[in-house]
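Shared chain: chain A. Partners: chain B in the first complex, chain C in the second.
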Partner chain A sequence: MPADVHRRFLKLLGWDGEELEAFLPEWLKTAEFLRLTEADVAFAVDEWLPTYWDMSMCGTRKFIAAVIREAAAMARAGDYINAGESVIYSMMPSAAVCVYANRIAGEGKVHIFYPYFIIATVWTSFFGRELDARLNGSGLDPACQHCALNCLRADSTIKGMIAPPTVIWNWGLQCDEAPKTDEMLKRLEEAGWKSVLTTIPHDAPLGMDESEDDGRVSYLAEEMRVAQSQVTGYTGVPVLDEHMSGAMREYLGYLRRVERLTDLVMNSDPVPMYGNDLTLFSLCMECAFDTGYGYINDALDTAIAEVEQRIREGRGVLPKGSPKLACHFSPLNVPWIDKIFRDNGVNLTLGRMFPPASQLIKCVKPGDAYRSAASMCLEAPNNVNMLDEVRMTCGQLNRYPVDGAIYGFFAFDRWIGALEKIMIREAEERTGIPHFYLEGDFWNGARFSLDDKLATIRGICSCLKISSLASGK
Partner chain B sequence: MYETLKELEKVSSRRAAELIEARSGGVPLVEYFGRFIPEALIRACGAGVYPLAGGGELAPPDAAKDDMLGCMNPLARSIAGGVKLGTDRIAGKADVVVTAVTDIHMGRLSELLEFWGVNVCKVGVPSDWQNGIAFGYYLNSLRRMLETVSRLSGKAMDVELARKYIGETNRVNAAVRHIKELRKRANPPITFENYMRLQHLSFRLCDTGAAAEAIEGIGLELDGADGAYPENAPRLLLAGRAVAPGDYELLRLLDESGAAVVAEMLDEYIRVSDVDIQLDGDLVENFARSRYMDTVPIDSFQPSWDRRLEHMLELCGEYGCDGVVWYQLAYDEVYDMEYVCLSRSLAERGIPLLHLETNYSYTPESLALARKQIENFVGGLRR
Partner chain C sequence: MSRERSLCGKEEVIKAAMGIADREGMEALSARRIAKELGVSSMTIYNYVKNLNDVKKRVLIAGFDRLYSGVYQSLSALEPPVGRRTMCRTMALEVFRFAQANRSIFSFMFFDGRNLFHEDAEVRPFYAFMTRFVSRPRGHVAGWRPDDMPFNLLEIIITTMSYQCAEGVIKLTEQAFMDHVNFFIERCVDE
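Now for the complex of A and B:
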């Protein structure tokens, strides 16, 4: 029976009984929307998920399920539009609070999605489908090394995969390419959707702590406010202070859980969780879900309890004393990276650009929520000048006991990757922790293979193990 | 023409030496990059100016590769490498390097220079130019930069001098417009290579009065000059981010292809000559307005491509262009995106388009390839 494999998929992620049967039709539609065949789903259930994810952790299964629920909601975007509701699409990285406030204000009539990020995550992380910048359907020159996420955006729009929204809220906090992709698609598709842009030039003096600079924070807050008023013009739903405060409260609730989980995992020996899984839980630091925080917080609470249990029992994913390598990029889109390190006796940890949940929480001040949101954006390491990023990176590396740090999967990214080699040298000098560079592209697994990377990864692992032995760990 | 340009080249070298000497006498020296930086106003703050230029040679971008990602555009890598190698005439001698941060390539380049210990002052140019608050950001950023220069020189901006220099800038613009008019002739009296040399020299003379005089003089010379191209040569418009001072070999290929490059739409290393700067009122604001609001938006501005296409079509009409050459810097991702849109729009209108890409490696092989591409394109225009 064709639905069997889909049932097995849902069951693996924790659906059961009536709830499973009730969700199944929606999942079937979602799988169709995501262009996933039965073979793809079978591959995920039988091979991909059990190989690269710790499916024995209920928290992990719940978080994957939360992402699937979000994809299912997103597949309904066209229905929402047809029903006269508003749909806002947004880009990564964004100020999640600002976007989420629209959902609160809309009371069910405004939906928020990060479609390209969700599709990319579901495909690469859970179904082993690589993004390939060569397949962009738009005529972009592959030799130009465009970001595979933007290529996916171009491709999926051109192929009509994604329903046109009411408005797209673009963010130019890092690269130029992401917001410009919107302009390109509007030109190519002659699309009628509206767009709004929030951006700030990368002109802070090198070394400035940008989140502490009143001028930058005020300007970015004002950019957000202006963008919101434009978004409201299109949705017809005003976002008031109370909505922003509500969104901030929910976001902080999520951040505190991420911080708690990160603290638990990072301070334990043996390490109780896979690197991919830990990274997965921080997925919503720069985006928000239309399905809200309920599912993801439940997944986090479950994971926290499970990790606490493992710590009490002294259980880890590798033996006690195995080296810990802080990973600067998000490994979950190329999940075999985490496994290869683990197979070679090294824990990959942290992930997602060293999420400084604790530092973000400190940015929240009473009063203007836009200022707090702006300050948070300027406390995200990848959004700011290179030495400010080094400051934050070193903060994380000094906060947790790690044996090394690894970078390099932004070799396509003219903002994040531009000065990464210098950044590494600087962070290594400041922390005394060995830093490694493994060149790659975390969106675009098609750009390299396991064989390309195996020798380097083994070399890094040997180096870490030898220094662990030397230090008597 | 060639002799005049050679003479101006010598003047510009002398000028660089004079600026360095003046610096030892206490006149601060400011190196600057970008159309959004007002050379006239910096000079009015009591400093000497010199354009930070690079591009067109392979050694500088290679020199930056240990520090900068290989897929940054070669112009940013060239400027960085030029500073590192000291090939830039002023390298290491400027008191401050002023950069316009219009995109991430310029943003990261500026950071790299700072990291190397260069005193950099960044002028932020927000890309969302139609957003009411963005112009204020750029304007404030300009004012802060001018204050920095004033602190270095110990002098506040001399408004009368600023007005004089801006008047001279407008004269340069008028002289450039005159030459542009001459390029509308059936056979333009100036090759594209010489035209671009003149554009570059107009900055390197470091003195708007001298630049105005030089270009006006050349304009007069050209008034009575014969055509520089073969008769009935197909006419081209060249568009892209920048033609760099080291790109002349490539320009020569174009000039020798049997076609005439008669118009251009470039974002850097070129005079913004279509608008004059108002001389009354707040001069800083007038300058900012002329660059940010009153002219064709640069590629990274959002939105900009509709307006840029419109402008390109206007130029094609005015100059009677038969085709367009898109001059693409390797890895310049946003320009590549504009090219995708442009190729569709021009194809719909039946306007031929050549994609000419450079990473500044002008080896005999790459030049031969470029020659072939150009010849095929021009041959196609003739048929």
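Now for the complex of A and C:
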């Protein structure tokens, strides 16, 4: 029966009984929307998910299910438009609070989606499908190291895969490729989509603490405010201070949970959770879900309880004393990377090195919510100048007991990719922690192979294990 | 019309290159020689690698993988806790043995290849192994820097003597090599 494999997929992620049967038709539509065949789903259920994710953790299964629910909601975007509701698409990285405030203000009549991010994450993380294999016709040659998210955006627009939204809120906080893709689509492909852009010039002096600089915060806050008024022009739904405050409260509730989970995992020996899984829970640091924070917070609460239980029992994914390697990129999009490190006796941890909630909460000041949102945005390491990012990265590396840090996989990125190799040397100099690097593109594993990286990863693991012996661990 | 054989991937090219380097030396490594080994045309090789330096870099990294894997195996066989001097001795002996068994690759890793790639972000962390692995307890940079000098010197002694011995410039038994290493360790490295 064709639906059997889909039932097994949903069951694996925690759906059961009537709830499963009720969601099944929606999932079948979503799978079709995502261009997932039965073979793709069977591969995910039987091989990919059990190999690269800790499916024994209920919290992990719930979070993956939350992403699938978000994909299902996104697949209904066309229906929302046809019903006269508004749909806002947004790009990563963004100020999640600003985008989410529209959902609150809309009271069910405004929907927010990050379609390219969600599709890319679902394909690469949960189904083992490389983006290069799916992308063609966009005119953006993968060999030119374009951001795979933008290739996906161009390709999906041209092919009509994604329903045109009411407006697309395009962010160019750090990388200018998203706005460039937007322009290309408008001029060359006549996509006819309405778009609003929030950007900030890359003119901060190296080393400036951007979130503390009044001029910079004011500028970005004003950019956000203007962009919001333009978005409102398309949706007809004004976003008031109370909506921004509500969005901030929900976002901070999520951040606190992520910080709690990260603290638990990072301060434990043995490490109680896979690197992929830990990174998965921070997926919404720079985006928001139309399905809200309910499902993801429930998944986080479950994971926190499970991790606490594992700590009490002294259970870890590797033996006590195994080295911890902090990861600067997002390993979940190339989940075999985490597994190779684990197979070679090293825990990959701390994906993306986002600042902890307690750091971001300091940015929230009474009064202008846009200033708080702008300040938080400028406290995210990949939105600021290279030396400011070094400061934040070092803060994370010094906060937790790690044995090394791994960078790379940003070869596609015009901002981080260009400066990362210099940044590594600076961070290593400041912390004394060994820093390693892997060439690659975490959005697109097809651009390199496991075999190609194996010797490098094994070499790194040997280095870390030798260091551990030297330090008497 | 003959049809060109396709390769499984970059790894097949690197494995062939490693084999050539092991048997004939790094100086024999060329696109033509790798192509001959694999039974394909030289141009086919470039479908999998950017250029010959790309191959050489992968050979160098594979060499470090072999070396450090051996070092770790030897160290983990020792009864813990392993003191600094014992670590230094064990690493020195492993490096010496690796150099004798992998003459050409070792020379490339620590001399010609080092000049080419030591600033490469993927390769750089594999150098300065004594300071990176043994000297520096975890913590702030200021805590370990004054202690680096003997470890830097020891690494130079180990790699240079191993290289000279592997290349036949000097003749040393393993014991004679270790006598030199011990002489330095006992005077300059705290336990």
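In this text, the second predicted complex is superposed on the first by the 461 of 473 C-alpha atoms of A that agree within 3 Å, B and C clash if a C-alpha of one lies under 4 Å from a C-alpha of the other, contacts with A are read in each partner's own complex, and residues count from 1 in each chain.
Following the convention adopted for this analysis, a contact is a pair of C-beta atoms (placed from the backbone, for glycine too) under 8 Å apart; a residue touches a chain by one contact, two chains touch by 3 or more.
The model shown is predicted, which means the values in this text are computed figures rather than measured ones.
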Overlaying the two complexes on chain A, which is it for chain B and chain C: clash or fit?
fit
Angle chain B-chain A-chain C between C-alpha centres, in steps of 10 degrees?
80
Under the stated touch criterion, which partner chain does A:Gly408 make contact with: chain B (first), chain C (second), both, or neither?
second
In the overlaid three-chain picture, which partner chain does A:Asp338 touch, first (chain B) or second (chain C), both, or neither?
neither
Between chain B (first) and chain C (second), which does A:Lys421 come into contact with in this model arrangement: first, second, both, or neither?
both
Now for A:Ile433: first (chain B), second (chain C), both, or neither, which partner does it touch?
second
Is A:Leu469 contacted by the first partner chain B, the second partner chain C, both or neither?
second
Going by the contact rule set out at the top, does A:Asp441 touch chain B (first), chain C (second), both, or neither?
neither
If we overlay the two complexes on their shared chain A, which of chain B and chain C does A:Glu210 touch? Say first, second, both or neither.
neither
Who touches more of chain A, chain B or chain C?
B
After superposing the two complexes, find the smallest distance in angstrom between C-alpha atoms of chain B and C-alpha atoms of chain C.
6
Determine where on chain A the residues touched by chain B overlap those touched by chain C, and list them.
421
Complex interface listing, chain B residues touching chain A
66-72, 101-105, 107-108, 110-112, 114-115, 120, 122-128, 131-133, 137, 141, 300, 302-306, 330-334, 336-341, 343-345
Interface residues, chain C side, partner chain A - complex:
9-11, 14, 58, 61-62, 64-65, 68-69, 71-72, 75-76, 80-82, 84, 87, 91, 121-122, 124-126, 129, 132-134, 136-141, 143-144
Chain A residues touching chain B - in the complex, by the definition given at the top:
138-141, 143-147, 172, 174-177, 179-184, 186-188, 197, 199-206, 219, 222-223, 226, 385-387, 411-415, 417-422
Please output the residues of chain A touching chain C within their complex, sorted ascending.
401, 403, 407-408, 421, 424, 429-439, 449, 451-452, 454-456, 458-460, 462-463, 465-467, 469-472
